[in-house]
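Same chain, two partners: chain A is paired with chain B first, then with chain C.
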Partner chain A sequence: MNYLTRQELAAWLDRLAQEQTLIAPLDIAGNILYRPVADTHEVVWNFVRSFMSVKEVFFPRTERLMLIEKIGADVKLTETLPDEKSIIFGVRPCDARGLLTLDALFIDNEPIDPYYAKRRENTTLIGLACQSLGPSCFCTNVGGAPDDPAGMDIMLTASGDGYVAEIITEKGEKISKRFPVFDGLSEIRPHPSPARKHGLKIAPKEFWPAKFNDDFWAEMAERCLSCRICAYVCPSCRCFDVRDEALPGGDGQSQSERVRCWDSCNGIPYRRVAGGHNPRFMKNQRLRNRFYCKFYYFPIHYGPVSCTGCGRCIDACPVNVDITEVLGYVGRR
Partner chain B sequence: MTDNMNTNPMLPYLGKLVDVKDIATEIKLFRVEMLNGGAEAFHDYKPGQFAFVSSFGVGEAPFGIANIPKNGANVLDFAINRLGSVTTDLHELGVGDMVGVRGPMGNGFPMDEFKGKNLIVIGGGIGGAPLRPVIQTVMANRSDYKYFQILWAARHPSLLVFTDEYDEWRATADTELHLTVDQADSTWNHSVGLITQLLEQVAPSPRNAITITCGPPIMIHFVNRVLVDKLGFQPEQNYVTLEARMHCGVGKCGRCNLGTKLICVDGPVFTMAEVGTLLESFL
Partner chain C sequence: MPYEPKIIAYLCSWCSYTGADTAGIARLKSPPNIRDIRVPCSGRVSPEIIMRTFQQGADGVLVLGCHIGECHYDTGNHRAAKRLPVLRALMAYAGLEPERVRLDWVSASEGERFSRIATEFTEAVRDLGPIHWKIGDRDARFVWEQEPISHRYSAFSDEQPKHAVYFTPVHEQQAQAIRAAATELLTNKQVDCVIGYEMGPRGRTRPAFVHQPEDVDRLVWNQDCTHNLTAYLSKKLGWGTDGGKKKQPDRLPKAAVVAKPCDSRSINVMLAENRFLREQIYIIGMACDGIRQGAGFNDEKSGAIQTRCAACNVRTPVVYDTLIGEPENTFREIPPEHIYPGIEHLDTLTSAERMEFWLSQFDRCIRCYACRQVCPMCDCPICLYERDDSLWVGMGNDVDEKRTFHLGRAYHLAGRCVGCNECERACPMDIPLSLIHRKMAQEMENIFSFRAGMAAVPPPFVTILGGEENLP
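After this line comes the complex of A and B, so read on.
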């Protein structure tokens, strides 16, 4: 078993930050966000959950897919795959689970998305077990746990004045070799955690089709603003849009970039085609689609349920649309 | 161009416009000669498959490929209606300009399963574009298919697509072409009215027959109703190709789902029996 004091942990991270990009939780205007840091000077060690998930490191809000250069009648495309190596410190179990969910879509489901896959390959995750659940957390109800090491390369659990470190993968072992205190790959302990919201669980797949035409969705949608914040804070929502953006060019060369950016199925134009037809023009159709995607469509297409119980959507929603209320409703016979 | 060209599903192949012509009001037929890797990628696609066409600097959108592969000609046809930002920009391009093409994508029509059957192709407006490869397949392999009926419609005569090919279609053995428009002009000497009315008049027999429909969703819905309720077809006999907004074409972006199906990889071709079992309506 590896044990590090806070000072040792900070010293190790500082050393890693010299070699790779270190991304760690910072307090930015009252919100915890994962950002690149030069050292651990301003890192937040105690927090419940970040405002945005680590998803944005792997699947950025907006990312360049390629550079497009028009040179006379010719067009030159330059693929812009990310190659930066980085380490994220302080990853919460719900976010690591979100990445496993996105892996099922972007990597396990052919064809591989090279942008996401490269970032996953080049990034090492240092997990930090949650000391307590936040008011909206419900990971234990959807198969996760506050100390679940799934998806982590190294898992840290605060203990006394320091941290117990479990080295889980070879990637984790590689960065631990840079510090004498680690003694190699650990055995992963079982992490039993009690369910918190009593009785709440994911409604099984067969429950969903029968509830599709229920009035519940319209009632729920009455207060929905279609603002899309639920999808943006979600560690496993992945809808995206692709378009070209102009870049300043010169010498008769016109430059642009093809970008992809986050989108959400709650947005009004999401399904609208150029001719104007929109099969999901009603708010309840869009709100319903998001929940069906998470618990019915996504598992059918890619395997895992697309919800990690982080509760961010519950906190972020300006009108209290609550995903646990949906699970409670659909789970009822 | 790098070796990653073939492994990155978001990276388009380059193609050169070798012909651009107006075929109807605000509709142009673009003929794209595929360059480098694109020629191999598109050497053997199926009727009903689609591709993303890029207007570089604006973006890309999916379009049904409007022709069949011709022995190594590396040329793709796209009939494109000027409607949104990408199509508006494409309409500004001319011969010699470069576009991007990603694909081929989707399942396509099972033309082999249609062999030995009577075929009824029903196209509305720009919905005729993905049906042209079906017509071309039948014409190129005429003895493989039985009686062939084409029902072709548009809101107005000026919106009918592929008009300069009608004589060739009509001249094909055992082939009928029926035309209708919602609103006629002084030169029009064919039917006037909705395609459902024309369909009732032509009244094809459901015996050993397959229908293939593309058009606006509301047309697809009512064409299927006439076929099933009035002419005795089973929904399994009625093939349709559906449209959806999409941004990847490879089952990632989440955009095109219709209930549990993804139009980009599970479709765009479905039978109305399949469409009927979906949780969500395409309308």
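After this line comes the complex of A and C, so read on.
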């Protein structure tokens, strides 16, 4: 085991930041967000969870897939693969689990998404175990834990004034060797993590098909506003829309770009097809799809449930549509 | 090369375009900076077009139409005359010098007037210098580093909270009255659904939809009833295809709604817009003495009341069928500058500082559209800013695009926003949207002496100038 004091850890991060982009939780107008930092003094060390998950580092809200230039009679296409190397400090276990869910879709199954894969390859995750659970956290109910090191490269657990560090992958090994602060000699063990038992049982996927036509979905959806907060704050929602958009200006050459942006199945235009028909026009269909996707469709195609129990959607929903209420209903049988 | 401003002039095809021709025929000088765009009427130049023009790199926008009374469509220029001052106020608030937009009247014979206005305007824009409206850089980050603007300022923040008691017996009495009214309405089949409030599984108050008289016990009334339930009305009663429950085809759908005074004002706006008929709704009006800050999200049971409520002087719904509770008639005396100190503060800043402030706020936007979805007024089947053809704004997350959306929405809500503050409450990124919507409401009051929703009358933009009315 390695034991680092807060100062040692900060100094190590500061030096790493000189070589790679360091992304860490910052307080931006009262919201905790993962943003590039220049100085570790700005980093927020104590937080329950960030407002947006680290998903936005790997699968940004808006991303250029390629640049399309018309030069004379020719059309030039330039693929824009990300090549920046970065380190993310302070990743919560639920977010890392979210990334594993995204990996199942974007990397582990064909076709591989090169943009996402490249970012995953170039990024090292330094996890930070949760000291306490928020009121809406339910990671332990979907198979996670507040100190779950799955998906991390280095896992830190606060202990006294410092952190116990566990090096998990080669990537983590590599950055730990950059500067000699990890001695591997400490006897200090991390504190046991806070555990919480909810009565909530996650319904296995066999439970879901029978509930598809229940009135429950209409009742739940009646208050839904069809906004997209829940999908955008979710660490494992991954729908996107691709469009070609013109770029203004340019030096007499006509330029456009192919952009990819987040999208959500809760939005009305999500399912609209050519000709204007919308198979999921009713909001109960849309809301139902969100939950079926997470707990039925995704497990069928890729294995894990696509929910990490972070509880962000519960806290962000303006009308209190509660995912645990849905799970409670479906689990009741 | 010296700076030459790029000016786009929208000229009414009937008067001003011909006026510009007249100037040319008379060999009067007009500056070469002006690019003319011929439009059928100055009333056709919607504010979206002007904002888009700035976004595309114009330094100034000139709109010229026929003199009032001479419009070839009778009242097209009345609309231009009403919209443009509001747009100027909005753009100025967002950090653009208002002098960059000018509306004037030029008739077909007034070549000299065209030439004079064009020269004057070009010189005025030249003096202002190049515009820095367009950002263009997707990865640009804006962080406002000046002293924080306390938009969440509470008039009672330093005192003991006035409403520290949470479930007061009065609330329970009012809840019982709501249940009684709902039972009667549902039993007599006067309405299909009662929209009220209930307690969610985490103890958070949330919207409730009661269809059966047996379920009325779910309904509650407390200091957390912040949601504006009228936002559900249009979809339930209007084209009604979004509800999930099947409609009875042989009669109009009807709903009862629990409405606070602020919510009742939005009913008036919707009635004026013919979204549904008055007989389709039964309004259970609530006398209200304020909603708690943080209502709807956390489950604390005490705290100061919301700023907007502290300053509210409409304690009785402006339209209702049943009134529940005794309206309190003693209004809190709060000087206006204490209600929204952010607006006052922003007004004292320079244009550049204001622009930086708003960019830093809009930068956080994730385009989840919660502000729009939660708004009772935002009810377009397809939002202008979310069209598949990206006509007005791209779908990306650039700060330019987000600003276009928020300013466009603010303009669309001018004269319609009743200040229920749902957009700001719903915003997951805490963008102080109330600062912009309250400012627009203030401007509407200054320019037109109009307060949205006090009666079921259309907002000033869609009406013509009255005989006695002066040009704003």
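Throughout what follows, the second predicted complex is superposed on the first by the 315 of 333 C-alpha atoms of A that agree within 3 Å, B and C clash if a C-alpha of one lies under 4 Å from a C-alpha of the other, contacts with A are read in each partner's own complex, and residues count from 1 in each chain.
Just so we're on the same page, a contact is a pair of C-beta atoms (placed from the backbone, for glycine too) under 8 Å apart; a residue touches a chain by one contact, two chains touch by 3 or more.
Remember, predicted model here, so these are calculated numbers, not experimental data.
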item	value
Superposition on chain A - do chain B and chain C clash or fit	fit
Which of chain B and chain C A:284 touches, first, second, both or neither	second
Superposition-derived angle with apex at the Cα centre of chain A and sides reaching chain B and chain C, degrees in steps of 10	80
Partner chain(s) touched by A:243 [first = chain B, second = chain C, both, neither]	both
Touching partner for A:111 - first (chain B), second (chain C), both, neither	first
First (chain B), second (chain C), both or neither touched by A:74	first
Touched partner set for A:159, first chain B, second chain C, both or neither	neither
Partner chain(s) touched by A:5 [first = chain B, second = chain C, both, neither]	neither
Touched partner set for A:267, first chain B, second chain C, both or neither	second
Superposed arrangement (fit on chain A Cα atoms) - minimum chain B/chain C Cα distance in Å	5
Common interface positions of chain A, toward chain B and toward chain C	241, 243, 272, 285
Of chain C, residues touching chain A in the complex	56-57, 134, 136, 138, 141, 143-144, 200-202, 204-209, 227, 231-232, 241-245, 296-297, 360-361, 364, 366-370, 372-374, 382, 386, 388, 390, 394-398, 422, 425-426, 428-430
Sites on chain A touched by chain B in the complex	65-66, 68, 70, 73-75, 77, 79, 81, 105-106, 109, 111-115, 209, 212, 238-244, 246, 254, 256, 258, 260, 263, 265, 270-275, 277, 279, 285, 289, 292-293, 296-297, 300-301
Chain A contact footprint on chain B (complex, rising order)	1-2, 4-5, 7-12, 14, 54, 56-61, 81, 83-84, 87, 96-98, 100, 216-217, 243-245, 247-248, 250-255, 257-260, 262, 279-283
Contact set on chain A toward chain C in their complex	28-31, 35, 51-52, 60-62, 64, 135-136, 217-219, 221-223, 225-229, 232-233, 241, 243, 245, 248-249, 259, 261, 264, 267, 269, 272, 281-285, 314-316, 318-320, 322, 324-325, 328
